[in-house]
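For reference, the structure I am asking about is given below.
Order of writing sets the labels: A, B, C and D. Residues in every chain begin at 1.
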Amino acid sequence: MVSTDTVIDFFLETRAHTEVICKPLEIEDYVVQPIIDVSPPKWHLGHTTWFFEEFILKTYDKSYQIFNADFSFVFNSYYETVGKRVVRADRGNLSRPSVKKVFEYRHYVTQAMKYLLESNDDSTLLEVLEIGIHHEKQHQELLLTDIKYILGNNPLLPKYSDSFKEYSIDKDAQVWIPMSEGIYEIGHNSADFCFDNELERHKVYLHDYQISNKLVTNAEYLDFIKSDGYKRFDLWHAAGWDWVKQSQANSPLYWHEIDGVWHYYSLNGLTEIDLDAPVTHISYFEAFAFAQFKDCRLPTEFEWEAAQNQFNWGQRWEWTESAYLPYPNYKKVDGALGEYNGKFMVNQKVLRGSSIATPNKHARHTYRNFFQTDLKWQFTGIRLAK
Amino acid sequence: MVSTDTVIDFFLETRAHTEVICKPLEIEDYVVQPIIDVSPPKWHLGHTTWFFEEFILKTYDKSYQIFNADFSFVFNSYYETVGKRVVRADRGNLSRPSVKKVFEYRHYVTQAMKYLLESNDDSTLLEVLEIGIHHEKQHQELLLTDIKYILGNNPLLPKYSDSFKEYSIDKDAQVWIPMSEGIYEIGHNSADFCFDNELERHKVYLHDYQISNKLVTNAEYLDFIKSDGYKRFDLWHAAGWDWVKQSQANSPLYWHEIDGVWHYYSLNGLTEIDLDAPVTHISYFEAFAFAQFKDCRLPTEFEWEAAQNQFNWGQRWEWTESAYLPYPNYKKVDGALGEYNGKFMVNQKVLRGSSIATPNKHARHTYRNFFQTDLKWQFTGIRLAK
Amino acid sequence: MVSTDTVIDFFLETRAHTEVICKPLEIEDYVVQPIIDVSPPKWHLGHTTWFFEEFILKTYDKSYQIFNADFSFVFNSYYETVGKRVVRADRGNLSRPSVKKVFEYRHYVTQAMKYLLESNDDSTLLEVLEIGIHHEKQHQELLLTDIKYILGNNPLLPKYSDSFKEYSIDKDAQVWIPMSEGIYEIGHNSADFCFDNELERHKVYLHDYQISNKLVTNAEYLDFIKSDGYKRFDLWHAAGWDWVKQSQANSPLYWHEIDGVWHYYSLNGLTEIDLDAPVTHISYFEAFAFAQFKDCRLPTEFEWEAAQNQFNWGQRWEWTESAYLPYPNYKKVDGALGEYNGKFMVNQKVLRGSSIATPNKHARHTYRNFFQTDLKWQFTGIRLAK
Amino acid sequence: MVSTDTVIDFFLETRAHTEVICKPLEIEDYVVQPIIDVSPPKWHLGHTTWFFEEFILKTYDKSYQIFNADFSFVFNSYYETVGKRVVRADRGNLSRPSVKKVFEYRHYVTQAMKYLLESNDDSTLLEVLEIGIHHEKQHQELLLTDIKYILGNNPLLPKYSDSFKEYSIDKDAQVWIPMSEGIYEIGHNSADFCFDNELERHKVYLHDYQISNKLVTNAEYLDFIKSDGYKRFDLWHAAGWDWVKQSQANSPLYWHEIDGVWHYYSLNGLTEIDLDAPVTHISYFEAFAFAQFKDCRLPTEFEWEAAQNQFNWGQRWEWTESAYLPYPNYKKVDGALGEYNGKFMVNQKVLRGSSIATPNKHARHTYRNFFQTDLKWQFTGIRLAK
């Protein structure tokens, strides 16, 4: 743990960055929830704030006055009862509180936190604070991908910004990195912050394998499409094939075929696809089928972690073959924060690395991201192994 | 038909009134669509404007420049294709065009219409104009009921205004108005505007019946609730009973039981229910079950029209027993406007009268409103017959 | 009412005929329920028997021993609780009671009824008996159409019998029968049996209309298909169009296009369609769209009844434009039998006439059959009016 | 591989045993499919037969005459087209082919196989034969659990047999078996038959753990129920909690609370639960929540396999914490048989051991069974680890 000043700076910088992400938005963009997985930006702003109010201010600041008692259910994950009134409402149906009120709430809580931190350096407080900061950073990434979904599914296809770059081209030739059979140590191993799911550090036995130095490109994925990859049921899991038929998937998300030419909606607007860019916005099902098509496979998360210092990563969340499961001797944190990770450890796949949407000081080579096998709206990608 | 000046005034007055209704809203309120039947206010603003652009300006004003080519699918009822791009999106997922842009669109079209009307009094133009004005008035009522739904299902229960009154008390004693067997003439019968579904005027044969001079009150409906009306399947249609179980209906919409006391959310906010007020926000299924409970029935739309000059109406849309069907010799208008009414003439019930949300110069004793049997969000009510 | 002997004969003859219908079946055919609207033949056999046990034997025969207490929920319309055990099961999931047991149940109840009727001619008993007999006749028709659905949706397409003829050709030329404006009397008007929904006999006012002497043929319907009738949304109700898209309807039920030639599965097996046969197995939505296509309309049930003695009917249940609603002064029977008809009087359409599947002594010109607007598995047909 | 005689015996014995399982059934029991996961017994009989016809007789017996060309789609897993006719039908909707015909089909194919095997000992034939025999054995277990579902969800609760015993009592005291950290070898390692998913044999690194010598009993599970296990969301995965609320799960399958006493439907009929019996018919979600409740966890499949020779297993399929994934260097078999296991390796959990429904000569300590996390109809059970 570091000095109080550094912590306050880290906190304020994180709070400020969330608002920077929202700068290009119209008020209306803050409100909508086009699919269940995409939350309204307004909700992210309030929810990350509520976290500090609920888990820090209420506990450590005896003089703290709650900003608005109703916000605890609006910005909590569960809001089934309103005092005595029972109201059911999805996030995207809530026009109030207004965006202005939510920013007031942010400011109010940020200030209260600042005063509190200047006078209180209790170590358990600082521990929760660190979780809160990283929680907000996680939501920063979601904020960006949710904004992309909101704008990218609007028939007007408005752009988010001209400056945000979704990728850089990796000019290296593709090679297979050979890895040797043996025992490897996996999991977090430093005094720095990590989430509970990265522990305990433990040993795994890996057999000989090879892993690609490069992410799969749009050109390679286009070849899969043109080779009828979406029509060859032998390439897919049974569940993946059901998903293809039901969702009528035939390309990555945000790809549009216009007069026979594939276009891509990026945060900079609609353009033709760049064949050299790393493919993104594909589901695990698609990543798996693509690997089958190439007579390869996806790496496990352990293979990825063992080899990760031999290749570049950070542009795309990389689907692994590993199911999201607890490490040996995994321990849930007590209380409400204990819900954080453990309760999602079923029927999801681990993604490793990070993406161009991941904020500063958030990525780690032991970081375990996870999503359901059909989700495409994150900046996901494919690295092959064999 | 009346003078050009009067028509322009009527047009401008209608356009202005739509915007008056929206005055109390926050930007965010314009965007959401909490259920499929409730459209975002923004959409109503654009859709009523698109009607004039599509059916009048494009045809009658050769110099007219379309405001934005994309708006025709955003504000049309069907928007399945975007040029070559195929995009599916529900109204409530569209953050763009922004509210500001939609108001610009309104202003642009209103001005273009004004100039056109000052120089063109073509009679078919005026006919379509009249439909357009009444179309906008229909949407004014929907706008208000949709706003109520949006605010009234928000956990913060914000009020819309202090001044809008949802009812006045009818102090008359309840009496049965006797009506005699015989032939009655039904349907529109003047030079004034009417919709196609009010024609042809025709004869119906009615048998002796009695109809109440008053709407059913909250007190009477509360008695139905307290007498287990929602639990006695013998009072309900089979389809109504399925609906009760599936929707867990147990009161009118906007009723909240708080510590044993029934409250009501009106556009003025949450208060205890007023026992003397006419009950509202009930589905046809509930209206029917209530009538069964009272050993009465709902009037047919013909019984209602034949008797309507003997009682006060206008506070609540009154569910009738009549299915929404074409009158003898009904003729669909040619072309796109022909879709207006005829295509809804199946599996809906007729409501007669009008409500406190109905705008000026829109109600008529021959007016035929219609909704599915499970819908509650309009200002519906019950008048008994026997 | 007639003599006891005649009544007993009528009863026994009806009971026997139900079993004659089942003669060609394999045991397995009695069990399945391919869609919710189609009941297993076994269920029809038990349910019609339960009716006599429940409404007659339990009340009028003090010495009657219930055959099996569990059968009352198995063969009732609602079986939500099993004594204290709660069991949910659809009819088609019930392998027990076995077919053999159900026939034993039939025999047991038939015998008990026979003995009762020989010694008891109570007039209310005879009234319920008559309902029970006609209830069984209704189920005879359903039995046949359900058997057709079960066999006709089996990939082996087994035939039911060689002798059952689904239609005869009407060789008359098509003409329009003119009917004059005026008051007509509608509803049952004799001492013979009728259902509650055919009363009260009452007056309706009809305007000039014309009604076809013939049912629409396969040739005419094929023309509708070939003229893109299923693709022209302007011909359909909005709800009908949704139904077309969702169900992918493109022909009557049991039509199969094989190498460009339309075939039809009848109870005699699969053959090419007979162009001169009256079209059948079409939904109300299709009947309406076809009428629009021909610039005609469907008759109301009143128009049908007023004109019916001027044309042949009885091959197909004829969809009318009338919603299924109570006649003036309609009265529900008290008690459980009161559920019989009234509770279905919403969101259904009336069909008039009868079909080749309707048993003897069951059709009447005042008979009101009714189904939802999307159902196709009955022997429905189209007669045009204008 | 063994001698031809032994193989023929093994084949015939397996074929015969399938029919022994069906002995107690009525014809009607062969037909129904109460839920999607439960196939009609008739289908199991035909499908296991089709396997030999499709993968052996068609290839190795040049003179073989197909029994019925239509059976290949009826008993295949996919039957979307019928020659030129397109027919969609779920298994439980198919009354034909009749049970008699299916037994004729079995006899015909069994005889043809017998003659073929007497004259042909091609080694690839024998390899497919072995898969076919074990395929039939897998379906024998499903047959029994599907029969239980069919009878156990019938409101009459008929029993299957008096002789089939669902469990024996394990009288040992519960103890924790300690296992030491280190490298263990996992996977099949003999000349005997195994499925492709048990290979390659490979090394895993395990950390210190303890595993119970006993399965969890009904008494222990009842304590979980009585301690509000189904109401404490902190014990469940998020997906598990959604499942509890949606399915209203509150006990193992086949448990019925009657007057406050828990009863259990076994294949011998309904009785009070035996507190000492091993709990069964619970989903993975329930197994996990139970383990959380006991402050324990489920073992991984590797922990299970490493320790399995130190405890008794074979009464219940034991849910493990392991997701169903390919072993290192797993290879799909080529062609249609390659679909066998690999395509299911996503979003399922591994179960280890075997159950009282598993046929002779089918269980192995390396056997990997797998099911979705919400399924309860197999004889599943719980063994704790920590």
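Basically, a residue touches a chain if its C-beta (ideal position, glycine included) is under 8 Å from a C-beta of that chain, and two chains touch if they have at least 3 such contacts.
Everything numeric here is computed off the predicted structure, so don't read it as measured data.
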Joint neighbours of chain C and chain B, given as chain labels: none
Centroid comparison with chain A (C-alpha atoms), farthest chain: C
Angle (degrees, nearest 5) of the CA superposition of chain A onto chain D: 180
Chain copies touching (chain A, chain B) - same or different residues, decided at half shared: same
For chain A paired with chain D, centre-to-centre distance based on mean C-alpha positions, whole Å: 37
Centre distance in Å when chain C and chain D are each reduced to the mean of their C-alpha atoms: 44
Euclidean distance of C-alpha centroids - chain B vs chain D, Å: 57
Overlap residues in chain B, where contacts from two or more other chains coincide: none
Pairwise touch network: line, ring, star, complete, or other: ring
All chain pairs that touch each other: A-B, A-D, B-C, C-D
Chain B to chain C touching residues, read off their complex: 183, 202-207, 209, 234, 236-241, 284-285, 288, 297, 321-323, 325-326, 328-329, 338-339, 343-347, 373
Residue numbers on chain A that touch chain B, as the complex places them: 26-34, 42, 70, 73-74, 79, 82, 84-87, 89-90, 92-99, 150-151, 153-158, 256, 258-259
